[in-house]
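Below, each structure is written out as structure tokens.
One chain, chain A, links the two complexes that follow: it is found with chain B in the first and with chain C in the second.
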Partner chain A sequence: MATLGRILVWLGDAASWCGSHIASAAAGVWNLLSGLLQPILSPLLGVTNPPVTWLADVYYSMFDGAPPAVGLIVTSVLTGVVMLIAFRYTSNQAGIARVKDTIKAELLAIKLYKDDLGVMFRSQGRLIGATFKLQWYMLKPLMIMLLPMLLLLAQMGSRYQQRPLRVDEATLVRLETAGQDATLSADGMIVEVGPIAGDDDVAWRVRAVAVGDHDVRVQIGDQTVSKTLSVGRVGEPVSVVRPAKRWTTRLLHPREKPIGESANVASITIDYPESDSWVYGSDWWVLTFFVVSMATAILLKPVFRVKF
Partner chain B sequence: MAALAVGVWLLTAEPAQAYVGPGAGFAVGTTIVVFFVAFISAFFSLIFWPFRWAIRAIRGRRAFARARVKRFVILGLDGLEPSLVEKYMAAGQLPNLARLAEKGCYRKLGTTAPPLSPVAWSTFLTGCNPGKHRIFDFLTRDKRTYMPSLSSVQIRGPRRVLKLGKYRIPLGVADVRMLRRGTPFWKTLGDHGIFSNVIRVPITFPPEPLHGVLLSAMCVPDLRGSQGTFSHYTTRGDGTMDDGSPYGGTIGGERIGVKVADGVVRSELIGPENGVRSDAGVMTCPFEVSLKGDGGRLKVSGESYDLKVGTYTPWIKVTFRAGMGIKVSGICQFLLIGTKPEFDLYVTPIQIDPDKPALPISHPQIFSTYLSKKQGPYATLGLAEDTWGLNAHVLDDEAFLHQCNEADAEREVMFFDALEKVRRGMVACVFDGPDRIQHMFWRYIDEQHPAKDRYRGRLCPDAIEAMYRRMDELVGRTMAACDDESTVLMVISDHGFSPFRRGIDLNAWLEKEGYLTVSEGGRGEKYLRGIDWSKTRAFCLGLAGIWLNVKGREANGIVEPTEANALRDEICDKLTGLVDDDKGDPAISRAFNTRRIYAGPYAEDAPDIVVGYHRGYRVSWEAAIGQVTNSVFHDNTRAWSGDHCIDPKLVPGVMFCNRKIESESPRLMDIGATVLEMFGVDVPKRMDGKPMQVADAASNHTERDTRQKVA
Partner chain C sequence: MNLKRLILCVVAAFVMATLGSCRDQRKAATDKKVVIIGFDGMDPRLCIELMDVGRMPNLNRMRQAGGFKPLGTSIPPQSPVAWSNFITGAGPGVHGIFDFIHRDPTQQVRPYYSAAETHESEEGWHVGDHTIPLTFPPFNHNPTQTLLRREGKPFWDFLDEAGIETRIYDIPANYPPSESKHGHMCCLSGMGVPDLLGSYGTYQVFSEGVVREVEEGGGMRKPLTFRDGAADAEITGPMNTAMNKPRPATIPMRIFRDTKQDATRIDVQDQSILLKRGEWSDWLQVKFELEMPSFMPNSHASGIVRFYLQEVSPTYRLYMTPVNIDPTDPGEQRVSEPPDFVATIADDLGLFYTAGFQEDHKALSNEVFTDAEYHRQAEHVLTERLNLLDHAMDTYETGLLFFYFSSTDLQSHMYWWRTDAKHPTRSVTDARRYNAVIEKLYERMDEVVGRVVEEYGDNSTILVMSDHGFCNFRRQFNLNTWLRETGYIQPRGASGILSPSINWTRTKAYGLGLNGLYLNLAGRERDGIVTPPERDALMDELTTKLLAVRDPLDNRPVIKRVYRREEVYQGPFVEHAPDLIIGYHRDFRASWATTLGDMADAVITDNDSAWSADHCIAADEVPGVVFSNRRIAHDAPALIDIAPTVLAEFGLSVPESMTGSNIFETHATLAEK
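Right, the complex of A and B next:
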């Protein structure tokens, strides 16, 4: 038993080592990719975000007065349908069907020829190969759907991930900048603590005092940078970050116009509280969206004759 | 790759943005499911493998110790004719068979009486004479009604049905019974832990359990329950085809009149009887063809396909809906024969979908699904090549030949997959192409044939020669896959071939000789409906022989059982040496009193007399289906111009083996016993076949050779 325990510990360590190295390698790849995409996507998102936000606001206005879950579920269902149709026309359906048949055949081969280990291992190998081939077929539709899905998810995230502050509730306002002196002022809130300067940011603790969308103004040098602070309006979207030029921040936080290039500020962030519903609250909304959109797609798969 | 991209995203993005929608969900979900199922299946297979291995080792310990072979491969080429094999080998056209003969051996292989595929292959797989396996012909007769029925299988609906108004809910599956008796040798192998992979060996439907896998062949019905009913959708009336050939009528198929309206033809595929609604008749599946130029667009079962004149579609899945959500699916191919001046569309018999079979066509049932997933849809009908379509002039030579070649190509994929999978055990696979092609194209190699030059369209005069070369190439590929010393490869045919120029109406002959009386107005009636049973002592039905109308056995029998044997001998004597007066040729070589040639518990079920025709002759088409005509001899003008249902000594099969074999006159019956002996399994006493002396690989000489050398 002791030997078995040692083996399990060793296996666990090995898995952990592999996982950490894979993660760091993946992060490296991602950073490289992100740098390459920056000159293309950053200006592009600057153009696309305002109309997408406007469209999202118009769409969500249909659910004014309804519980947030209604909007989430309807959006998930519609997304499932649209993505299903998009998948059908952007993917190699014949190729996917062939690979899926191969996968099923190899699974059946394992059952039929279970007495022969050689056959079983060969089938396992073919299964892995077929799975990679399937992923290859999925790549094109995934790439095509990626940007619209991210734009949609960013809009949904602004509605479901966090909620506006309540009156008398405190939070942090953080300015990502290169260590310059800054002052903060706003209507509808009071500054309790700050500024507290870090290596590359400055933070204040503020307390909301009045309902509404307020302008938080930060004076930095001779420039003023502002950001919206939402207080007390349940169900309204919030903008956690006002981005500057980084495309990933622009993608994930589309509601506010990016900070000008000359401001020497990377972003302004307000730490809104997390939503606390099990259906549409923080992170749960992603799960709800995943389950409902996938269930819709799977249910409607035969109707639209889609293979995935 | 998509999963990798999603993985990168998951590792770097915030949780809320990690999911990028159903696009990635499809990829990730599918991958997770595949890996999970694969892992679970591999895990359990590995966990249980030692136990299975131990059980196998215990069950087969004697066989393991005595086995002289790891793998035995039997490649069946149905109907390969020795005289043609020898002719083409001498001409250097069959280099692989010649090499096989040189390395190992080539012999003529004794066949069965009668030399018919169902009889011969039943004897092959049981190692018994027909008196023990009960297959004497394709057809047998119902003793009570005299109606013909399939000899090897009986298919009925589910035994229990819940009736709810007009709806009938089946409480169970169709009752499919194997009528062949005897135990296949692969069952005996399995009892000793030896795996078998059996592909399309005739008379294996319904599939019987075995240690291994099996795909059924001959007698697997189409979706309608028939042995293959093609459909011909046409705007033409009765008369002739465009090429002037006579329209062949409806045997083996049906003609459905259609109209072209605004360039569109709409009609329905005919499916099986609706088993759910009592008032619904047959199920149908609508389709339409939009004509455009020299082709069209076919819409059926929610999908669209291009049609081009003279080109088959791939296998198309068609669905028939019975109601209450119950549906049956089948597969078929469409062939647009012509669009102007007449519209002609041929549809193959709608076959059981191997992916989701309506009836069990394999053991285990998932084996047919496995093959379908592995290689795509394939023909499942017992007689997959539509000989009736060519006989009826609906198909031309090339269209028919395409079916034969495609069926063989599908079979080859299955066969080589089996060779790859089975490293220890038995593989048997039968290719039907040689049989069908020789049946239908013998008219090109027989100068005297009455059907020569009667067929038009795209002709294939070299079809037989090309088929022999194609089979030789198949043998070459098989030899390459079996080149290890522990594999015995045997290439066999169940019978040879002969011209079929003249048909003998045995019923007319029996009438002429006073053994049969036609009732008033009964001449020409099919299925023995025109016989006056009160005055008939013998009658012919099927390809093989003659039955007596025995009192107490047949419903209206008049022959006393005590007189039956004398009557059999009397008729045999008269038939033996029968001469075709019109041609002056001997028509019948000999006739067999089956009570003298069959032994076993089912010998009494055999036809009383089996007729051994001379080369060039066979039972007439009319007599085979129980008709009585005015003359005994008829020219055979059908495309079906070659046959093998004659005297068995005139149509032996062939046997090639990659090892030396001592026996000078091996029989088809001996092969099962030989396989058992090579695997170290005792040959059961019930088997009539005897093991052949097969040489060991190292020396490639037989035990007797060794003994002689030692002596």
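Right, the complex of A and C next:
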């Protein structure tokens, strides 16, 4: 047991070492990639976000008055259908059919010739190859659907992940800036404490006093930057972050126009409370979305004659 | 195939119908409602005083209808003992709890908390810096676990067996909670539940005024050094017992202060809190990472804390509550039965105190809190508990509902002062002012009773009860010092019974806990010298001498009664009891030093603590109360009578293990039965 323990500790240490190096290498690759994508995606999202948000608002207006779960489930079902159709027309259906036939054939071969090691190994090799090929066929539709799906998820996140503040509820407003003095003002809320600077941002504690979408104004030097504060409207979307130029923030927080670069502000964030429903609250909505959309796609696969 | 499906459908329909009918029967069996509100330490004298002047109208209505009696408490009248009497319907000889503190005589006097004991895992797989218990075959190592030491069958087990729905909130002396074998009992444990550090409440104070980290009874003080307005600190968490050299898990915290705004910012685990001086934060969830061997994932323990900014300048002081077990993620800590009951409550109510001692009396005793600050913290606790009561009432339909309030006890310990004599820590005016807090608290508790009566009064039995009363605690008796001075503890230079200075081969008796006196008995204590034939004579001698002790200050007697265990206890666990149980007069109590076997220079000294009232004295001096919306026929009801009363209310017979009787019946009626 002691020797086994030593071996496992050694293996564990080695795995941690590899893991941390792989993680830092992956972070480096991501930073590089993100930097390369920044000049393309940042302006692109600046253009796409407003119409997508408008479309999402129009679409969700159909569910005004209904419980949030209704909109989530209907959207998930529709997404399942759209994904299915998009998959059919963007994927190599004939290729997928061939690969699936190959997989079936090799599985049958493994079952029939289980006494023949040579056949077994060859079939298993072909199975692995077929699986990779199937993944390859999936890649194109996946890449095509990735951006629309991310745009959709960002819109859904703004509706289901957090909820607007309630009247008399307090939260923090954070300003990511390069250490300049800032003042905060707004209707519909009172500033209780702040600004107090942390290591990376400046924060205020505010308390909501009136229902509505209020403009939070931050004065930095001679510039004024504003941000929407949503209070008391159950089921309404919230914009947690008003982004500046980072494309990742623009992608995840599409509801507000990006802050102009001259303001020297990276973002303004309001710490909205997480929604607390098991169907659509905090991260549950993602689970509901994937389960319902995937179930829809699987159920309707024969109807649309799609192979995947 | 179709036939198979048909048969399956028929069987399923039959099972559903059977289940449905069982459910209906159970519902019929539990239409009865019994609601018990337990106010820890509610005193009958003060109740009568306040009822007489119309300040407790709801309880007074019960009194006028014959539903009020003082309630006989336990011997000794300590909360774990008293609530165990309530739970089992029997005395300490049956449930085995005789004091807050017990001792293991096989190790001479190793003290331990009587109601629960943690057994550290002593075996496991040694892997590098860790020892991992392998709890599966063929290893079957015992993991570290906390066991409930209270014996006897709780009354709710009988209700559970009978299919009667039972909801119990914050019950003392039931940690870890006993299991519900039939699934009809839900219980949230109260007094006895530790914080995440495994203690009964360890606050942490971060302050510039502290030179180095100091641990004091009930808390820690940690130094802070600000550079450019920011300081780094660490929140101490649970001990990582998987390590060969256990050390506590910690969470880094960064503190920023703004002297101009008299405010602070606390950044911890991607969360920020902004506080002005004098403000409390909401609950904050923190997750401690417990390092495991590198090939295993680390484990986690979730806690909740609240911060209170005491001062920003000139000396920064930030108080943090004990790290309570996170009710939404209690992990392996069982604080409720079923284990997820606590999480379902938190889903409705949000985060709340889960530790057994919620009012931070240690912070007041150690002068971390002022009186006003303690009052405010105690108010938070009460507000949370009132919300919990709302939740309990909203979700209660039939059967038994028990709800416990600690406020009447832990506020009384600190604020009760019903005399003009000098208070240990307060001016006369402040002592009066804070004593009035208790009276106001009683009025609020009366309003709680009013709400319960309004909600359930017409069609239920309501019992309002307490485990003991209260009195001032002005003078403390150093039992072990007295034993040393009278030659029962040797040598004369001994400094405590846990100290190596004691000579057990010449020591005949020792004190431990709040009321216990043990003989150093041969054949029982590891180094015992008193032989069984000497025992009776020695106990007589000690009793006579103890009853003769007078306070040199005013010549008042100190001890009212000395109980022999054989006279006051019956049951299978009597042998674990102290040989003598000391019942002090009002105003007196065992000294703080005595509880853990220490000694002071003088036998009787002033109590100099903010903990200025108590109840661990002679049982007849501090009875509790029992109120009901029904006439109480019993001449002298006691705590052990409540459980049989509850069973009788649900039409169940009183089991032999219970020695109490139904308070709604007279002795004559019971005798006829």
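Just so it is clear, the second predicted complex is superposed on the first by the 258 of 308 C-alpha atoms of A that agree within 3 Å, B and C clash if a C-alpha of one lies under 4 Å from a C-alpha of the other, contacts with A are read in each partner's own complex, and residues count from 1 in each chain.
Operating definition for what follows: a contact is a pair of C-beta atoms (placed from the backbone, for glycine too) under 8 Å apart; a residue touches a chain by one contact, two chains touch by 3 or more.
Because the structure is predicted, anything quoted here is derived from the model rather than measured.
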Between chain B (first) and chain C (second), which, if any, makes contact with A:R205: first, second, both or neither? second
After superposition on the shared chain, which partner residues are touched by A:L134: those of chain B (first), chain C (second), both, or neither? first
Which holds for A:K111: it touches chain B only (first), chain C only (second), both, or neither? first
Could you say whether A:R174 touches chain B, chain C, both of them, or neither, answering first, second, both or neither? second
Report for A:V9: first if it touches chain B alone, second if chain C alone, otherwise both or neither. second
More chain A residues in contact - chain B or chain C: B
Residues of chain A touching chain C in the complex: 1-2, 5-6, 8-9, 11-13, 15-16, 172, 174, 192-194, 196-199, 203-205, 271, 276
Mind listing the chain C positions that touch chain A in their complex? 125-128, 229-230, 254, 256, 258, 261, 263-265, 267, 272, 274-276, 293-296, 347
Per the contact definition, I'd like the list of chain B residues that touch chain A in the complex. 1-8, 11-27, 29-31, 34-35, 37-38, 41-42, 45-46, 48-49, 52-53, 56, 195, 213, 302-303, 364, 366-367, 369-370, 372-374, 376, 421-424
Looking at the complex, which residues from chain A come into contact with chain B? 23, 26-27, 29-30, 33, 79-80, 83-84, 86-87, 100-120, 124, 127-128, 130-132, 134-136, 138-139, 141-146, 149-150, 152-154, 157, 161, 252, 282-283, 285-286, 289-290, 293-294, 297, 305, 308
